[in-house]
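Input: structures, listed below.
Two complexes follow with chain A in common, the first pairing it with chain B and the second with chain C.
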Partner chain A sequence: MYSTFLSKIRTKEDIQKLINEIEVILQSLYQKQGVESVLKAQVRAWVSQALEEDWKSAPNKEEYLIRLKEVLNGLKPLSLTISFEPTELSLEKLSYFVKQNLGGNIYLDINYDPRLLAGAIIVYQGRYLDMSLKKAYEAEFERSKVEIIKLLEKTHERL
Partner chain B sequence: MLNLESTLIYTVILLIVALILLLIAVVVGYLRLINKYLALKQGGDEQIDPKVLLAQAQAKSQKILEDAYSESKKIMAKSQEFLVREEGEIAKELGKTTQTYLNVYSKTLDDINTNSTKVVQALPNEIKTFVVTAIDDFRLSLSQEVAKVANQTSQALKEGYIKAQQEVEAYKKERLRQIDEQALKLIQEVTRKVLGKEISLEEHEKLVLKALEEAKRQGIL
Partner chain C sequence: MRDFNFYLEQIGEIGFIEEVVHSLVYSSGLPSAHPNEVVVFETGDVGQVFSLTKEHVEILLFSNNQLRVGSKVARCGQTLEVPVGTGLLGRSIDPLGNPLDSRALKDIRFSPIEVAPPRITSRRQVTKPLPTGVTLVDLVVPLAMGQRQLVIGDRKTGKTEFLLQTIMTQTKLGTVCIYAVIGQKQTDIKKLSEFLEAEKVIENTVVVASDSSSSSGQIYLTPYTAMTIAEFFRDIGKDVLLILDDMTTHAKTYREISLLAKRFPGRSSYPGDIFYIHARLFERAGNFKKGSITLLPVAESLLGDLSGYIQTNLMAMTDGHIFFDIDLYNQGKRPAVNPFLSVTRVGHQTQTPLERDVSRELLSFLVTYERMKQFLHFGAEVGDFARNILGLGSRIDSFFNQKPEVTIPINANILILSGLWAGIWNETKINELTREIEKIVLAYQTEDLFRKQVDEIISRTTSFSDLVTNLRRNKEIITNKLS
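Here is the complex of A and B:
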C-alpha cells in the first residue's frame, strides 16, 4: 500500500521530510481549512498525488497517515560513509542498488568524510565493512614506508 | 767554702765573746768602785783621805781599764792573727776551689767547643745530604704525580670525547627520526590529497557501488 512512498524514500532526510508533511496533513484533518488546501499548498505534488490515489481505497485518512508514519519510522538504515558529496543522480544510483538488492524497507544514512579518499564504509544491522580507499592506501603506504625510510636514510648518509 | 764560712763564724763569735768579757770586767770594776765610794761616803774609813781614795780609785779603774784594754788588744791581736791566718787558708782554699772549678769549666767548655765544631762542620754535609735526598724524593713524587695527572686528564678527555660523540650521535639519530616521521606524514598527506583530487565523481560512484557489492558478497548486506 505504501509502495509509492517507499520507492521515493532514499535517505534519512527524505524520511524526515515526508514525516513532517504527514504531520501537517494530520493536523489539517481537524482544522477548518481542510486537508485539500494543505495538499495543494503545503506538500509536494507527488505526495499529494500518492495520497489521493491511496485514499481512494483507504476509508480512514487519519489511520492511513499514522500507519504510514509508523512504516517510515520502521525503515532500516544502511549507514554509508563516503568521501564525496553525492548529487541527486548519485543518490538515485545508490538507492536503486540498495532497493534492488535488499528491498524497499531500507534507507541510506549518508555521511561525508573526505579522509576516506574514495570507496565507502558500510554499516548495516551491526555489521561493519571498510571498503574505503583510505584503508587500502594506508595498508599500501605501510608496505612502502620501509622503502621510503631507506630512501630517507640514504639522504641522511649524504648529509 | 764551708770551711771558710765556719771559720769566719768562729772568729766573729770569738770577737763577740772577747768584747763581752771586756765589758763584764769593766762593769765589775765599776761596781767595785761604786761600792767603795759608797762605803767611803758613809764614813766607814776616816783615815783614808777622800781625795786619795778617789785618786786610788781612779788609778785602779785606770789600771783595770788599761788591763782590759790590753787584754782586749791581745784578744784582738789574736783574733786578727787568727783572721789573717784563716784568711790565708780561706784564700788558699778559695783559690784551690776556684782553680778546680775553673779547670772543670774549661774542660767542659773545650769539650763543648770540640763537639759543636764537629757538629757544625758535619752540618753542611748532613744538610746537603738531607736536602739532596729530599729533592730527589720530591722530584720522584712530582714525576709520579705529573704522570698520574696526565693519565687521568687524558682518560677524562677521552671519556668526555666519547660521551660527547655518543650524545651527538644519539641527538642526530633522534632528529633524523623526527625528520623522517614528519617527512612520512607529509608524503602521506600530499598523496592523500592528490589522490582525492584526482578521482572524478563517476569514479567515486563506481567505487561506492563496488563497496556495496563487496558488502553483499561478504554477507554484510
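Here is the complex of A and C:
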C-alpha cells in the first residue's frame, strides 16, 4: 500500500520531510480549511497524488496516515560515511543499489568526512565495515613503518 | 586491553549509546553481544553487558565518566578477565586489575572473573585449623582452613582489627592473604595499606580496593576479582585467606544497579537474585585437593539486629559467624565477640581432643559466669562457690581482653587458661594479671626451650582436667617465667 512512498525515500532527510508533511495533513483533517486545500498548497505534488490514489481504497484517512508514519519510523538506517558530498544522481544510484540488494525498508544516513580520502564506512544493523582508503593507507604504513622511517631519516640527512 | 578501534576492526560490530542512566548505559546495535561480555567505548571507558533486550544492550559501566548519547561502543568478544599471579603479592589493585601505585605488574596472566564453583568431587573435608591469634576466637569459636565464616557486627565494633590480627597470624604461617575493600573510605584503604606495611605482612598480601567514590560497577566487581586471585593461589597449592569487607555495601550497590535497571524490587527493595549473587561467590571458597580458600566475609548489622535480610542471607550461606556485640564493645571488651551468639559449624572438627575439651569447658563456664553476674544484680549475698566463679570469670575476662596489635599462639592460650583454672593467679590483682600474661606470651614467643616444653605438655595431654591437674602439681612451669 505504501510502495510509492517507500520507493521515493532515499535518505534520513527525505523521511523527515515526508513525516512533517504527514503531520500537517493529520492536523488539517479536523480543521475548517480541510484536507484538500492543504494537499494543494502545503504538500509536494507527488505526495498529494500518491495519497489521493491510495485513499480510494483506504476509507479511514487518519488511520492510513498514522500507519504510514509508523512505517516510515520503522525503516532501518544504513549509515554511510563517505569522503565527498554526493549529487542527486549519486544519491539515486546509491539508494537504488542498496534497495536492490538489501530490501526496500532501508534509508541512507549519509555522513561526510573528507579524511577518508575515498571509499566508505558502512554501518548497518550494528555491523561495522571500514572500506575507506584511509584505513588501507594506515594498514600499509603500519606494515612498512620501519622502512618508511629509514627512508625519511636518509632524506633528512641528505638535506 | 586494546583500544576501541582495534576491537571495532576485529569484531566488526558497533553500537551507539541511546540512553545513560547513572552507571547503566543503553546501546543500540551490537547484534551479537552476549551477557557478561566486555565492551569498550570510543572514549576508552570499559563496561560489561548486564542484560539484553530486543531493542537495547544494557551495559554496566566501570567508570564514573559521563558518556554522551550517540557515542560509539564496540564489543571485545570476551568476558571480563583480571590479572592473577605471584606478581600481585605486596600490591594494591583496583577491581579491574590496575595497580593503585601506578607501577606495572609483572609475573601475571589473565583469568576470567566468572567461573562456576568447583564441584563436590574436587572438594575435601575440612581438617586443618586456622589460628587467628585472637584468644577468644581460637578457644571458643575456632576457625578452620577452607571454612566460610561470617564476621558480623555493628559499625566500629572492632571487626577490622580482628581481621588484621588474623592476617598477621596467618602470613607468618605462609598463608596468602587477600583483602577486598568494598566501597570503603579512601582514608581507611590508606590506613590499611600503611598498617600492612608497618607490620611487614604486605609481602604475602594482596589488596583489592574500591573506594566509596568508585563507580557502582567497580564496587560490584571487587569481591569477584578478589576470589579470582584467590583461586589462582589455591591452584598452585597455597592456602588462602580471603576477606571481603564488607558484603552489606556490596548488596546495597547491587540493589542500586538493579533498581536503575528497573528490575522488580523484592524484600527491602533488594532484587530477587541477591542471594544468588553472594552464594555463587561464596561457593567458590572451601577446602580442595590442591589448596584451600578460607573466606571471612564481613557484614554490618544495625543496632545488633541479626535478623536483617542480607545478614540472614549471609549467615545461611556460611559455615558459621562471629558476632561482634555493640553492648560488649561499650562495656570495654576487646575484641567484643559474643561467644554465646557466635557459631562455628566446622571449626571444632579440626581441633585436637584437648582443644575441644577446653572449648567445651570454657563455654560452659562462661554460661555459668553470666548467670552469676545476673544474680549479683539482685544484691543477694554470694557464697564461696559463686565468689569463686565470679573471681575466675573476671580473670578470664581480663585474659580475653587483647590489644589489636597483639596475636597469641593457641598453645600459649591453652597454657594460660589452664593456669587460671588451676588457681595460679587467684591472689593476683587484675592489672598485675595482664602484665604477667604478657610475660608468659613473650616467653613462649621468644624462648625456644620454653615453647618446646609447653608444646610437648599440650600434645601429650588429651583432656583439660588432666592439664589443669598437671599445672597444679607443677606450678613452676608458669611461675618461673613471672619472676
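Observations
In this text, the second predicted complex is superposed on the first by the 151 of 159 C-alpha atoms of A that agree within 3 Å, B and C clash if a C-alpha of one lies under 4 Å from a C-alpha of the other, contacts with A are read in each partner's own complex, and residues count from 1 in each chain.
Here, a contact is a pair of C-beta atoms (placed from the backbone, for glycine too) under 8 Å apart; a residue touches a chain by one contact, two chains touch by 3 or more.
Quick caveat: nothing in here was measured; it's all calculated off a predicted structure.
Superposition model on chain A: chain B and chain C are shown accommodated side by side without a clash.
In the superposition on chain A, A:Leu94 makes contact with chain B only, while chain C stays out of contact range. Using the contact criterion defined above for the overlaid structures, shared-chain residue A:Leu78 touches chain B, although it does not reach chain C. Residue contacts after overlaying the shared chain place A:Leu133 against chain B, while chain C stays out of touching range. After overlaying the two complexes on the shared chain, residue contacts for A:Ile148 are found with chain B alone; chain C is out of touch. Once the two structures are overlaid, the count of chain A residues touched is higher for B than for its counterpart among chain B and chain C.
Put simply, the three-chain overlay gives an angle of 40° at chain A, taking C-alpha centres for chain B and chain C and rounding to the nearest 10.
By the touch criterion defined above, A:Met1 reaches neither chain B nor chain C. The superposed three-chain arrangement places the nearest Cα atoms of chain B and chain C 9 Å from each other.
Overlap of the chain B and chain C interfaces on chain A: residues 127-129.
Contact residues of chain A toward chain C in the complex are 123, 125-130. The touching residues of chain A, when paired with chain B in their complex, are 78, 80, 82-84, 86-87, 90, 93-94, 97-98, 101-102, 114-115, 117-120, 122, 124, 127-129, 131-134, 137, 141, 145, 148-149, 152-153, 156. Chain C contributes residues 8-9, 12-15, 28-32, 74 to its touches with chain A in the complex.
Residues of chain B that touch chain A in their complex: 176, 179-180, 183-184, 187-188, 191-192, 195-196, 199, 201, 203-205, 207-212, 214-216, 218-221.
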